[in-house]
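The following pair of complexes shares a single chain, chain A, combined with chain B in the former and chain C in the latter.
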Partner chain A sequence: MVSNTEEIQLNRLENQVDNGGGGAWDYLCLVRKLKVRRSEKVLKHGLSILNDPKKRSSLGPDEWTLYEQVAIAAMDCQCLDVAKDCIKVLQKRFPESKRVGRLEALLLEAKGFWEEAEKVYSSLLEDNPLDQVIHKRRVAMAKAQGNISGAIEWLNKYLEIFMADHDAWRELAETYVSLQMYKQAAFCYEELILSQPTVPLYHLAYADVLYTLGGLENLQTAKKYYASTIDLTGGKNTRALLGICLCSSAIAQLSKGRNKEDKENPELQSLAATALEKEYKQRAPTKLGLLISTLKSLKV
Partner chain B sequence: MAEDLVLDTAIRDWVLIPLSVVMVLIGVLRYFVSKLMRSSQTPDVKIVKEGQVIVRARNLRAGANFIPPKSFRSRRVYFSNEENGLLHVPKGQAQNAQAAMFSDPNMAMDMMKKNLSMIIPQTLTFAWVNFFFSGFVAAKIPFPLTQRFRSMLQNGIDLSSVDVSYVSSRSWYFLNLFGLRGLFSLILGEENAMDDTQRMMQMGGFGFDPTKSLSAEKDSLDIVQHEWALPKFEHRAEAVLRKLVS
Partner chain C sequence: MGLGFAVGVLGVLILGHAAYSTIQYRGLLKIMEEEFSGPPMNVVLELLLAFLFCIWAALSVPGKFLPINPDSEENRIVSLPDNLDFMIFNHRAKVSLSEIGLKLKH
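And then the complex of A and B:
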């Protein structure tokens, strides 16, 4: 996660570099450290350093890191020739390196030679079966080929070993949602909530999944998670507010014929509706009528 | 009392300076030798997996109240059931772990390499210092010290009448051995400077048994009382919204 101050610093540096103020190397270092994806800028400024022999040699051993960074950025921008040149230089310098081997496979991937890339990856994995990057590349490759169920298979294999990697859990959750496998997605979101209980986005996504699953019990749980999202965001999340309204009306519909004993705090719904109206009044007054009619249709 | 022991300048030229130089050179040499001998460790899949299991189980324990009771129970069973739970360690295996560690030749080899690069040069230099320079005063520090420093500074001289501010050659060796760390971090870069005390601490960490932490985690997971926190959140959300609306 990129914190606020870091992003400000990054943008400031980017501005400075774009306007010819120098500090390109610092900018590239920061991009690398924060792992943000600004490939075009990296490519532009990185190449300007690499093409200048004086600047390049002043980097010392960091020169090779820069080659790697530029190569990856170039592949992201589909400048395959640039990437190829960078990788060639790196391979000349480190002939046996696995890190360079990874880059070569990445280049094959970028060209769309999936089978060759897969071959290189599996031979790299034989040397080091615990290379997380390669496992993740395999998932990405399956995804790029449109083989979503294959991606899920690879992800599950990866998570069997690295089961504390919450980014992978998140990826799996989103993939399951895209395939409408909501039960599995719910499990993944539970896992995410466990690893980071205070991130409201996970609560929200979990509630969404539960609401989509339907059924009285799930709806009630979904409502609780929407409530926790509201609590964690301080009521600023419109989606959660709407979720409360939707859940309440769905619950009311489902439990219409039954005894009303589990009808807990009806106040929450009306409060959420009022908060929504207030927010729409402030931000989008033209859409207010739409909202009011929607809310009216929800109140059964 | 010998207040004014005059030290021969030859002692400075032939003992004090050579001793320091040799200690520095040996440190540098040892660094390069250990770099040569260091084998790139490929961690075992099982060990990595166990570490990850522990992290995940700990997460479950810490965040248990944030997931519905049903989900929590199914996870707990998944982790700690007696048949194939991830945290469950079969009885026989637990005892064998230590033995397996020692029978693994790679592990023993690594340990030996670490030891060799540490102990051999140390014994050799100590023997060398002892042989050539034992039993005389090599330097004088420019300020007085109390009697307690005698054992530190005058190792090898059993005279109580010599002033404490004189340093014996063997003590000079020890001072160099433990005090050159800052210099090494200057010469060899920050992370490369490993002084001997740190090395010894590492040795102590060896023999750590991962299965023990697995079963410890299992026990603490078993006693977790699940109390779903979410119903409370509804009331809190209400309070938040009320504040927002009003």
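And then the complex of A and C:
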């Protein structure tokens, strides 16, 4: 999870490194720790360390981690030569390593040699059938070839074995959303909320899915999850605030004709609207008029 | 930090002195053959002072306090990590990135 302080620190370091202020290694460590995908920068700054023999030797055993990181970043940037060279160095140092074998298969993937990559993966799996990363790579390969239903099949098989892997659940949820299979996606997000109840972004995504599904009951649940997102983020999440407004207006429209025995709490929407107006005033004053007219059209 | 540490040391010293005074006072009571009715004023004062100093040092020396609420400004989660295990490579980098000048030199 990337918290606010960590994101600020990351951006500050990136700025500093880009402007030649040093701290490249710290930046690369932070990128690794937060698992963010900034391949271009990693490639550029990682290579500048690797090409400098003095800096490289000062890293000690971390040097090899950096080679791996740069290799993956290079593949992501399609600089396959760099990736090949890095993997060669690693191969020389660790001739029998499974991890390097995985990198080689990754390179085959990046080149688009799917069948060869699949062969390498299945031979690696024979040695260690419970290697989670390789199972995940298979899913990714199916996805890369445009075989989304295949990817879902692999993922479901994988999740039957490794049920606690929330990254995989998230991937499955996002894949279902991309196919507009919202009911299945909602199930995945429920699973995610159960396993990590303090992450507001899962609550938000679940609420989004429920709102998209529609229907009075789903909308009411969605509103509750938007509210819990606000609770967990200290009211700083604009999307959740807007979600509250949208849900309230949709609920009001759906339950117009009926007698309202379970009257909704009208305070929540007006509070959300006030918070939104305050935030827009502070951070984007030029868009404030747009926001106000939108809120008015929602009758919040 | 330095100040807090010095105050802590001072607090411990005062505490030691209070212990020493108490032992002396008990010796004195034995000599004068009086009953023990309560600790003397200066020991009580020293104990209070040492207590305050030690608390202050314990709070200030180890480091500053960090927020623990999940919804505080520092801790609130702004984004999820990119799912790097499922990373795929056939994306727009193929056409848009042309940094061929980069090379690993050995």
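Going forward, the second predicted complex is superposed on the first by the 202 of 300 C-alpha atoms of A that agree within 3 Å, B and C clash if a C-alpha of one lies under 4 Å from a C-alpha of the other, contacts with A are read in each partner's own complex, and residues count from 1 in each chain.
In this text, a contact is a pair of C-beta atoms (placed from the backbone, for glycine too) under 8 Å apart; a residue touches a chain by one contact, two chains touch by 3 or more.
These figures come from a predicted structure and were not determined experimentally.
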Partner chain in contact with A:T221 - chain B first, chain C second, else both or neither: first
Touching partner for A:K278 - first (chain B), second (chain C), both, neither: first
First (chain B), second (chain C), both or neither touched by A:V139: second
Touching partner for A:L47 - first (chain B), second (chain C), both, neither: second
Touching partner for A:E116 - first (chain B), second (chain C), both, neither: neither
Chain B versus chain C as contact partner of A:L268, first or second or both or neither: first
Partner chain in contact with A:P129 - chain B first, chain C second, else both or neither: first
Superposed model, chain A: greater residue contact from chain B or chain C: C
Contacts of A:E190 with chain B and chain C, given as first, second, both or neither: first
Partner chain in contact with A:F162 - chain B first, chain C second, else both or neither: first
Doubly contacted chain A residues - partners chain C and chain B: 231, 234
Residue ranges of chain C in contact with chain A within the complex: 69-90, 93-94, 97, 99-100, 102-106
In the complex, chain A residues that touch chain B: 128-130, 160-165, 187, 190-191, 193-195, 197, 221, 223-225, 227-228, 230-231, 234-235, 244, 264-265, 267-268, 271-272, 274-275, 278
Contacting residues of chain B [partner chain A, same complex]: 42-43, 45, 48-49, 52-53, 55-56, 59-60, 62-64, 66-68, 71, 75, 230-231, 233-238, 240-245
In the complex, chain A residues that touch chain C: 1-5, 7, 34-37, 39-40, 43-44, 47, 50-51, 70, 72, 74-79, 81-82, 85-86, 89, 109-110, 112, 132-133, 136-137, 139-141, 143-144, 167, 170-171, 198-201, 231-234, 236
